[in-house]
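Look at the two complexes coming up: chain A is in both, with chain B in one and chain C in the other.
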Partner chain A sequence: MSHYLVRRLLALPLTLLAVALITFALAHATPGGPWDRFDEKPLPLQAEINLNRYYGLDLPVHEQFLVYIGNLVRLDLGTSIQKGRPVADIIGEGLPVTAQLGLQSLLLALAVAIPLGVVSALRRNSLADHATTLLATVGTTIPNFVLCVFFILYFGMTLRLLPFVGWGDGLDVRRMLMPTVILALPAMGFLTRLVRSSVLEVLRADFVRTARAKGLRERSVLRGHVLKNAFVPVLTVLGPATANLVVGSFIVETFFSIPGVGRLFIQSVNARDYPVIMATTLLYALAIGVANLAVDLAYGALDPRVKVAQ
Partner chain B sequence: MRPLALVLALAIAVSCTQSGGPRSGEPDPNGELVTNMGGEPDTIDPHKASFQNEIGAVMMVFEGLMTLDPQTLRPVPAAAAKDPEVSADGLVWKFTLRDGLKYSDGSPLTAKDFAYGFSRTCDPATAGQYAFVLFVIVGCEDWNAMDAKRASKAELDAARGRLGIKVLSEKEIQFNLREPAAYFRSIAYMWVGMPARESDVAKAGDRWTEPATYIGNGPFKLTEWRHNDKMVYERNTHYREPAKLKKWTKVMIAEGAVAFAAYRNDELDLTGVAAEQLRTVENDQELKAQAVDVGGAATFYYGFNVSRAPFNEQPVRLAFAKSFDRDAYVRDVHKLGVPAGGGFIPPGIPGFDPDDKIQSFDPAAARKLLDQASPAAREALRTLKFAYSSSAASKTRVEWVVGQWKQHLGVELGLDPVDRTAYSSMVKNVQTTPQLFLLGWIADFPDPQNWHTTVWVSKSGISSSRVGYANAEFDRLVRSADRETDPAKREATYKQAGRILSQDAPAAWLFYDASKYLKKPWVKGVVNTPVDALLGQFRLNQLYVTKKG
Partner chain C sequence: MPDLLDVKGLETRFFTRDGEVHAVDGVSFRLAAGETLGIVGESGCGKSVTALSLMRLIPYPPGKITAGTVMFDGQDVLKMDDDEVRAIRGNNMAMIFQDPMTSLNPVLTISRQITEALELHLKMNRTDARKRCLELLEMVGIPSAKVRMDDYPHQFSGGMRQRVMIAMALSCNPKLILADEPTTALDVTIQAQILELLKKLAKEFGTAFILITHDLGVVAGMTQRIHVMYAGRIVEKADTGELFANPKMPYTWGLLRSIPRLDESRRAKLRPIEGLPPDLINLPVGCCFAARCQYKRDVCTEKEPELKVVPKAKPDHEARCWGTQEGGWLVDVDYRTDTTVMAAVGAAS
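Take a look at the complex of A and B:
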């Protein structure tokens, strides 16, 4: 177990290095540079030269990469070209907000999806099952921006029940309700379907028949055999889903004016803000890496046949 | 009570408590204004700022030597006590400060602080985007061109020493210019010369623009900045004429539709109106009464690369310029804005020439002009493509005019959408600029020099350098107007140059920028100018909200 963990943890920096190299090369190969976002007013040549010197963009690209990696090892993420502020500051302000929103949404999605999925699997074609299908369809098919507009118009403007501008201090439940629910809905819909189908599959498995045949009570069969096994596929998708939610949603953050990092991804690419492109991509890669590792470790706990130690 | 009835009852109760309530006309000494600044400004460092929202944030907290009269947009003294004294040869400018100037923390403000502000913009280590407007000061361009990382300290210090900015006394600052420049008065209003305090910048480095060290001499002080969320300003009690507002919160709502909803919910006192909201505003009597129209300081145009066929021939360019209906464009396509009807400089900006009808819509005259095209130009027209930055707005603008040219000139053009950033890098120099493109110019300061000379003077002009436009007579006129001290003569010379420009048609003027915003009835004392559109820069201390009755 500990060998496995050490091996996986050692592989993580190598993965990140590969991601860094690919991202750096792609970002610099894309036409246009950080000073090309001024449609009407191109920068005067001298200003561009000075800015390139200021941000070290006057060096050959491979040297820029080495400088970047050197700084990264010292945990220096550089200065945002667009904002002129340390990238660590920018991410440090936004990430807690985004992560809180993402985790809340994930917990909400799980809290609804697991019981609903199980119930609809156990009572197929019942009212609960149909309700689940409806929720799953709505959650996965209606795009975020439509939900944002609908929620703001209805709950924010018509009923005036909930505020829809800003995040406040992160403790105001009324402010957080709409964005959390909207962000949770697609995951909720998808997870409910997944739990349902995976419970159904396990219910038909031989070991469940055996468990029933040896006279176990239905509740024990469910708890000890069905649910535990049904969660393996759920766990598999939970890794990337967590990473996705934690690094944020561009659309929900924009509509509800939430000061998170979700917007940074798109803004930095459009602005060719190389240090921010690098930092956000590496952050995402790190989140995926850590979430996948956690999921792999959790497999062992759910299914004794998975031996992580080898 | 059934759940739905309960929800409705709650909704009514909540909406009643949120209504604005009656207001008296008196200014509220504790008044607070809430406006939207859209996205977060990239920087609020006065010596690095370049976008309008950045400059707006600077002007809340800092005041320059001069400011602009909101009615005429002519420069008038601000931190300076009076108009500058200019030597007979126009090369030496002396500004005298008002008595008792202070920063918002109560510490004194002297000429040395202004000298620091101006020189920080010239300093290559600052890498400010607007350094070029100060190149008229002796030594600024040479120093700015140095490599701040590789040049020795002695070399940099020597260059700094050659800068033509001198502190004569606590209250007097002198600028030595390398050529006479009547427009330097306007430059003295700009953010590039704001008196940031050297000790604050030295103490906090890149982070000096945070509230603790962002100390200025303007009507407000920045008391809180929650990044990507809001900026909170409070009255600077040390300002010579303290603001009537106590507090001004600028929230950051990036989505226009959400800001509009927040305004209707009384969460914003003021908001811009986007084209898609115009119909809602028109159809709502209350909103319609709250709408305010403001002119802008930008001109949009279809540009021609004059170094490549077919637009290397002036008659072809003018034919294209005269064959689209600008009134129809603004009415049917753009909705906001003013049809270009008088040269490059828009109305409201000094130098506007309403009688310049050279490019006015005249399909018959346009066809005659096109008949003069050479065989090579005709050949080039057959494969001509219109390259544009692939946004929805540009697509509409381009598709519309391509239809007009087909209808009025019988010319069929292809469309060539390009990624926005890639497009900006393409139109930078004459080798890569497409034959036909769409651009605009937004003024830095309201003086014809910043339009004609900055944009179109041969070789070095911002647009002439990308399209290869050059006209010796135009250059001679604008250069003489730049130096001219008699205002009437100066304006007439610029207008003469503007006519040459319209006739040469390196670009076809499309429309002048204009905007509309909504203002709650309790917001008073608003001053609108084309330069700052939505409450940006002038007489902010006069703004107030009325008392709740």
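Take a look at the complex of A and C:
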């Protein structure tokens, strides 16, 4: 077990290195640069040369990469070209906001999806089941940006029910409500369907029949025999889903002007702010890696067959 | 002494998109306390559905018990409310399922799966239940049961898991055990061990059991009586010895003929029963076996024979066949030596 953990932890930096290489190459291969100005006078040539030298952009790309990795190993994420401040500080401000938004959304999605999915499976083909399926499909298929626009227009501007700009101090429930719900909706829909199909599959299993043949109440069968088994496939998608929600709220953050990492990422790409692009991408990769590792470890707790395989 | 189990006119149907499947169609039989009964038939003949119906474990929808009574210990199981049925399940009537690989919950320990029923029905506390669980596991021959009782099912082999299933079934001292193809998923050598164990323990505890199987060889040494099922109905009932010595239904003849014999020449071919069982949605008029029967006459496709006591047999030997019933054309035919019909069929085909 510990052997396995060590191996997985050793693999993580290698994954990050690969992600860094690909991102670095793509960012620099993309046309344009940090000094392009579309709305004003272009920078004087000498100024551009000086700035390039200051930020190390005059070196050949492979050398720039090596310098970047060297700094990264010393936990130096560099300086934002756009904002002129250390990247670590900028991320440090955005990450708590994004993490809070993501975790809130994940908990909301799970809190709704698990009961709804279980009820849906137990009352298969009932009205409640069909209604749930419809809601889940709507939640999964309507893109976030459409939901954002709709929610802002309707609840924010027409009904004037909820504020829709900024994040506040992270305690303002009314301000956080819309972005949290919108971010949770697709995960909610997807997880509801997954819980439903997973519970249905387990309900058909032979060991559930065995449990019933023992004379257990339906409630005990569900609690003692069905749910734990049904949660295994849900756990599988929970890893990437968590990472996605925690870091991946690009659209929602942009629409609601939330000062999180997601919005930062969009801004940095538009501005070709290389150090920030690298830092946000690596953060995302790290989140996925850690979430997947956590899920794999959780498997062992949930399903005894996994321990042996490890 | 009244019968432990008295099933009358049991009818179980499955309501599917293609129509009503008559899985069990008017099955009646009785079983005395401590008695052993074999139910034999090919796949899909309604053996398992019969067993599941006795415990009311038919999944609804699509399945439903549409008629009949199941008197168990003086009470009609089919008229009980859910709580009363649950009080019987696993307690007075227990079941052993076909596939031990999938019939145990993979995420619960062996001990937990056994103690569950003990705590529920016998109101034992955790400690006593574990003690009893250990006894049970030792009784069914799990080596170093004390260490292994907290293992998970995947750490057990197929035969060991079926032993666990037997321990589970015996845990609350049931009056009746329904064993649904308990050895079909096991190696032949393990099969014999499991059957021996089941027989021994049932005898020790005076438990009645119904052994359901498609394998005539399995029931031969195991049960006192045998019922042969075909297309959802019982087609022959007899003592085990009588059934093998003096079968009275062409379907049973076909089953017995199809068993390969060790004393035959190597070139002898297997003799399957030609054709397929009837569609249980659109049952034929007349005898269900008529379409595959070498001995059929016009009456067979016109009217269904009843299950009746047959002549030239033990008094409680019943068969569902026009030919072997009083005045029938098969009364004197011995299927083993009967070459005329076989030859005629051979010439015709």
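Throughout what follows, the second predicted complex is superposed on the first by the 302 of 310 C-alpha atoms of A that agree within 3 Å, B and C clash if a C-alpha of one lies under 4 Å from a C-alpha of the other, contacts with A are read in each partner's own complex, and residues count from 1 in each chain.
The rule is simple: contacts are C-beta pairs under 8 Å (C-beta built on N, C-alpha and C of every residue); 3 or more make two chains touch, one makes a residue touch a chain.
Just so we're clear, the structure is a prediction, and the values are computed from it rather than from any experiment.
Peer 1: Using the superposition on chain A, tell me whether chain B and chain C clash or fit.
Peer 2: Once chain A is superposed (C-alpha atoms), there is room for both chain B and chain C without a clash.
Peer 1: Look at A:T254 in the shared chain and tell me whether it touches chain B only, chain C only, both, or neither; answer first, second, both or neither.
Peer 2: In the superposition, A:T254 touches chain B alone.
Peer 1: Quick check on the superposed pair: does A:P240 touch chain B, chain C, both, or neither? Answer first, second, both or neither.
Peer 2: Neither partner.
Peer 1: I'd like to know which partner A:G94 touches here: chain B for first, chain C for second, both or neither.
Peer 2: First partner only.
Peer 1: If we overlay the two complexes on their shared chain A, which of chain B and chain C does A:R85 touch? Say first, second, both or neither.
Peer 2: first
Peer 1: Which angle, as a multiple of 10 degrees, do chain B and chain C span at the CA centre of chain A?
Peer 2: The angle comes out at 160 degrees.
Peer 1: Let me test your reading of the model: by the given contact rule, A:L153 touches which partner, first (chain B), second (chain C), both or neither?
Peer 2: first
Peer 1: Answer with first, second, both or neither: which of chain B and chain C does A:A213 touch in the superposed model?
Peer 2: second
Peer 1: Between chain B (first) and chain C (second), which, if any, makes contact with A:G300: first, second, both or neither?
Peer 2: neither
Peer 1: Figure out whether A:N270 sits in contact with chain B (first) or chain C (second), or with both, or with neither.
Peer 2: first
Peer 1: Any idea whether chain B or chain C touches more of chain A?
Peer 2: Between chain B and chain C, B touches the greater number of residues in chain A.
Peer 1: Report the closest approach of chain B and chain C over their C-alpha atoms in the superposed model, as a whole number of Å.
Peer 2: Chain B and chain C, overlaid via chain A, are at closest 38 Å apart by C-alpha.
Peer 1: What residues of chain A sit close enough to touch chain B in their complex?
Peer 2: Per the stated touch rule, the residues are 30-33, 36-44, 46-47, 49-51, 53-54, 79, 82-86, 89-90, 93-94, 149, 152-153, 156-161, 163-167, 254-257, 259-260, 263, 270-272.
Peer 1: Note which residues of chain A are touching chain C in the complex, please.
Peer 2: Against chain C, chain A makes touches at 205-207, 209-217, 224-225, 228-229, 302-305, 308.
Peer 1: Which positions of chain C touch chain A when the two form their complex?
Peer 2: Contacts found on chain C: 55, 57, 86-91, 94-95, 97, 99, 102-108, 113, 116-117, 120-121, 152, 154-155, 165, 168.
Peer 1: Over in the complex, which chain B residues touch chain A? Could you list them?
Peer 2: The touching residues are 7-8, 10-11, 14-15, 18, 42-43, 45, 48, 50, 124-125, 127-132, 141, 144-145, 147-149, 206-207, 226-230, 251-255, 257-258, 261-262, 264-265, 267, 298, 389, 419-425, 427-428, 439-442, 462, 466.
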